[in-house]
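Listed after this line are the structures, all set down as structure tokens.
One chain, chain A, appears in both complexes that follow, with chain B as partner in the first and chain C in the second.
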Partner chain A sequence: MSDALYVFYILPYVAFAIFVVGTIYRVINWARSAVPLKIPTTAGQQPTFKFIKRTWLDKIDSPSNKWWAFVRMLFEVFLFRSLFRNTRYYIEKGGKNVDARWLWLFAVLFHYSLLIIVLRHLRFFTNPVPNFVKTIEYLDGVLGVAIVPPLLMTGVIALIALAFLWGRRILLAKERCISLPSDHLILFFMAVILVSGLLMRYIVKIDLTYVKMFALSIVKFTPPSPEVLANLHPLFLVHFTFVCITIAYIPFSKVMHFAGIWFSPTRNMPNDNRMRRHVNPWDPNPEVPILAREGITVAGVTYKSKKLDWETYYEMYKDQLDEIAEKNYTLKAEEF
Partner chain B sequence: MSEVPEELKIKQKFPNWYDWIEPIKQEDIKPGFASYIALPKQVNSEFFKMPFGDVERDVFSEDWKLPENWKEILLDAFKETLEKNRAFKVFMDICVRCGACADKCHYYIGTGDPKNMPVMRAETIRTVYRYYFTKAGRIFGKWAGARPLDENVIKEWYYYLFQCSLCRRCSLFCPYGIDTAEVAWWGRRMLSRIGLNQRFMCISIEASSRTGNHLGLYAGGMAGSIEQGLSELKDITGFELHTYINKPGADVLFVAPSADYFATPHWYVMLGYLLLFNELEERYGITVTWSTYASEGGNFGTFHSYEAAQLLNSKIYKEAERLGVKFIIGGECGHMWRDKHQFINTMNNLPKNPEWKKFWDDPDLGQLSDKLKGINLGEFISGEHGWIHVLELVAALIRHKKIDIDPSRNDHWVATYHDPCNVARGMGMLEEPRYVLRNVMNKFYDMPEHCIREKTYCCGAGGGILAEELMELRMRGVMPRMMALRYVVKKFGVNIMLTPCAIDKAQFPVAVEYWKIPVEIGGPMEMVGNALVLTSFGEKPEDRKYDLRGTPIRGEE
Partner chain C sequence: MYHKGYVALGIVLFLALLAMPYWVTAGKIKYEEIEKELAPAKGKCVYDEEWMAKYHMELLKDWRELAVRHGVRHYHTENGDFNVSLTECWKCHDYNNFCAKCHNFMDVEPVCWECHYNPSMNYSTVNYIK
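What follows is the complex of A and B.
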């Protein structure tokens, strides 16, 4: 029986391997696709004559070079800049736009709480616990010291934000409509992880000694003793298993948005089209347009369009063009 | 217009994923929302040949006459798209379906159709992507949000990808920058490989690939039209004006959308260009030439595919090189500036003429005339691109006091400004037009903050949606803009909406009539033309009695 418990020791390695390999595969897969055009969504005043004022937000939202495009990416990734514009349209109120930045708020709360929770968990994997982890935990618990063990804000905030984000997918008709099973699945994983974690800390109050020994054995690559495994609380095993499943699931899911956003051409490209030419890797020397050069080949048949260069054009409309030339290329008001 | 009902109703029903993952059926394809499929004369033409374009197809018949092995062809095209465009591939993978984009789409707001939410429009393609290109989709099928291709899926793609105007408003709000325009654009490219092209845009693409402009205007017609403009200007200003066309050795090539030669209210904008160029020549000796070969600034190819866009915009640098110009001025147009700002110098090689090279070594307008010294295009443009927007140029001329302006000539206008989507989100020209308008007129008011600048609403007709058969979709899609317009009309008494976009100028007159808003539509260059004092011709500010529309400037006396 106890041998079977070693599954839990193997599990994180498998999950982590899937995560790393899967993520790298996805990223390389994206990177291998060409970027034919420079297509930033310009969300602010473009770089222009100096007398037109550009605010710092314009510089970020309509970046004039790669550096500002990078700043834009940081704003997008760490502050959810685009979501910060969110509004809701109310047709029944005559097209009134109502601020809907609560979506931004809960998204920020959710993601940052998760980040802090992950960092806090480092205390299980380190010995001695680094100071920054202790500091984070201290700050996290500052408001909840009255409770033993101290109530950590982020756990609660994450749960509330999760309830909110899932709630809108269930209760709002529009969001319910666009939600696929996979959208609910990942929220379900997060819910199990959060609830089991909170239960362990505040309600069941399980013995963390064995958990820490188990965690350390994972990072030290030394299999834990059967005694440690046998003393792991079932609730912990649920928590742990779901964390592993989630980590392994990430490369196959929409959670890959954390990496994909860096590849989003509407955000990571500068609005400097008029300063620097972008070269299309699969059409680097477009002297003649593709349709007239090689045409489109579909099912073995090539469809080629005739090229309308000046010479062809001149041949076709010779009389009219000669007439224009006779007027010395000058147009004047018609005489009546 | 008669086919659009007086009262538009929005009946919303939100199916769950299990239902919507099933594609729509033929009977769900409704007139007023479905684009006609291109005819052989458009897509099997000598100058624009698309695969399987030789068959006539009807969007309202059960049989779309797809080629026999369409599935393989489409999957090949899909694979090619994933390899050729990183944006497309990343956008297939990273959407979390948060819904931030949903009510940012004017077509969703106007139709209430859940599949018009940007996330769902892209999902019609993503579901297929998951089935053929991800393991989870293959194994779990529907439960992983995946579905195999069948004819109805193709019909759904065609129906919904051509209900998108590629305005990119959703991409502004998306936390990952997912650009539905990119998904729709490359999705349309895939459809074009199995013979499905939208008729409206292909009429223009074919005409432009054969004659040089979307309207299919021949050289003589275009010249005649400009001559007529000069006659009108003679009536209005009393001066004998002229302009150049196809002139070798001119300083600057000017490229405008072809609608400016004929349509109203585009026409008044063209009169504005002509006034400006005459003043520039008379005062500074700058010669600006039009071209009948590069007679189209707009590019309906950008609604169709990379290749079609390239086919159309390839003429302009070639013409700049042939005529030996120094740089290019672009006219007022929306998607033209997505094309001219973001695409053209990637899709084409740059002009190699010595004049171009010499100018761009030190791109100060002082090179053209000493009196213009100090206006340096090098502050944001280089010889690797070489285009300046006419409004940017006007802004600089006003700033440096190189042209004389009398804003009181526009006192009979109370204006607001509509940012064309592509100029705002594909270029970022937000402040220059406002700078110009504040200088050339006294009464200018912006619409509410949520619908201007980068957050601007689409006119509902861009991206190839300007077709007659899509009138109901257009009138629904324009609704958010019309609500905002009505607000400023009531609050400030606005009587003209200015927009530097040819498609806007075609859509809005119809839209304000439908939505019963008493306002005129025009372009900023029309106001510039009104206010521009032709000092070098001896004109005094008070000399002009009529504006470019022929209405008396200072009221009847």
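What follows is the complex of A and C.
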């Protein structure tokens, strides 16, 4: 029995190996895909004549160099600026916009609570515990200090925010339609981790000393004694297993947005279209355009043309287009 | 691969973040079998050892309720009779080498000592407890 428990000692290493390799693989995969066009989306004033003023907000919104693009990125990563500006998409019957920025609020609360919770967990992985971890824990608990053990607000906030974020996907019709199973899966993982953690802290008391010895043995790469493993509480093992599963699942999941956000072309490109020429990186300065040089291959036949005109297009997709035409649709080239 | 420099920097920062437990302690993480380092205690505890390790904070919380709200000052278990008081613990336990040792290891800082007495404090008036 106690030998079998060593599975839990191996588990975090496997999970982290998958996480690190998977994340680096995906990041490099993204870095290899070219961005052929300059597509920054902006709402601010571009640099132009001296007498047209640009405030610092314009500079963040419409950055003209790498530095301001970096600042915009920081706003995006730390304040979820796109989410803040982009959630008012409900249109009621009267054509009125509905403020849906509560999504931004709960997203911010959830992410920052999670960050603080992760930092607080350093108390299990370090010995002696560094002072900043103690400070974080103290500040986190100042409001709930009369309770034994002190109520840490981030745990509560994360739970409430999670309930909203999941409730939104379950209760709102539009969100329910666009939610994939994977959206629910990651929220389910988060829910299990949060609830089991809160239970252990406030309701089902467990002997934390063994938990800490177990955590230390993981970071020290020294297998724990069978005694330590035998004393780990089942609820802790649930908590721990789900954390490992989540970590291993990250590279395959939407949680990869923590790396992907840095690759958003509309956010990380300076808006300097008029100052600098953007060259398509996978086909720089072609003598013959790629359409004429390599052409497009459809169903094994390669079509080369200087410009993709209607005749070539029709030839490419003849079968499908005819099928559409049979249903009494008129097919013709768009007039410009 | 495009923007090799930025991507490499990003990956390095990512790995550095994961290695956080090591650099916040300057690489000096000490593994301790804390149970073996606690100072031995006298007599028999309120409940058995395993139960106390998990629930002593709950017990103290209940005791506070009992004493302050209900005026119950005596507590009987199969291990004997106890006064419902924080100072009861010091009859058998050392503070620095027992409570504080384990709490430092676990990074627990009970607020109780802002008002309550423990033997690591030097007050002549309460020395009768010792």
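Keep this in mind: the second predicted complex is superposed on the first by the 278 of 336 C-alpha atoms of A that agree within 3 Å, B and C clash if a C-alpha of one lies under 4 Å from a C-alpha of the other, contacts with A are read in each partner's own complex, and residues count from 1 in each chain.
In this text, a residue touches a chain if its C-beta (ideal position, glycine included) is under 8 Å from a C-beta of that chain, and two chains touch if they have at least 3 such contacts.
These numbers come from a predicted model, not from an experiment.
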First (chain B), second (chain C), both or neither touched by A:A34: both
Touched partner set for A:V20, first chain B, second chain C, both or neither: second
Which superposed partner A:I261 touches (first chain B, second chain C, both, neither): first
Touched partner set for A:R176, first chain B, second chain C, both or neither: first
Which superposed partner A:N127 touches (first chain B, second chain C, both, neither): second
Broader residue contact with chain A after superposition on the shared chain, chain B or chain C: B
Touching both chain C and chain B, counted on chain A across the two superposed complexes: 31-32, 34-35
Interfacial residue positions of chain A with respect to chain B in the complex: 26, 29-39, 41-53, 61-62, 64, 76, 80, 82-83, 85-89, 91, 94-95, 97, 103, 107, 168, 173-183, 252, 254, 256-257, 260-261, 263-267, 271, 273-280, 282-283, 285-292, 295-296, 298-299, 301, 303-306, 308-310, 313, 317, 320-321, 323-325, 329-334, 336
Residue ranges of chain A touching chain C (in the complex, touch as defined): 16, 20, 23-24, 27-28, 31-32, 34-35, 122-123, 125-130, 132-134, 137-138, 145, 148-150, 205-209, 212-213, 216-217, 219-220, 222, 225, 259, 262, 281
Sites on chain C touched by chain A in the complex: 1-4, 7, 10-11, 14-15, 18, 20-22, 24-25, 29-35, 50, 53-55, 57-58, 60-61, 102, 104-109, 111
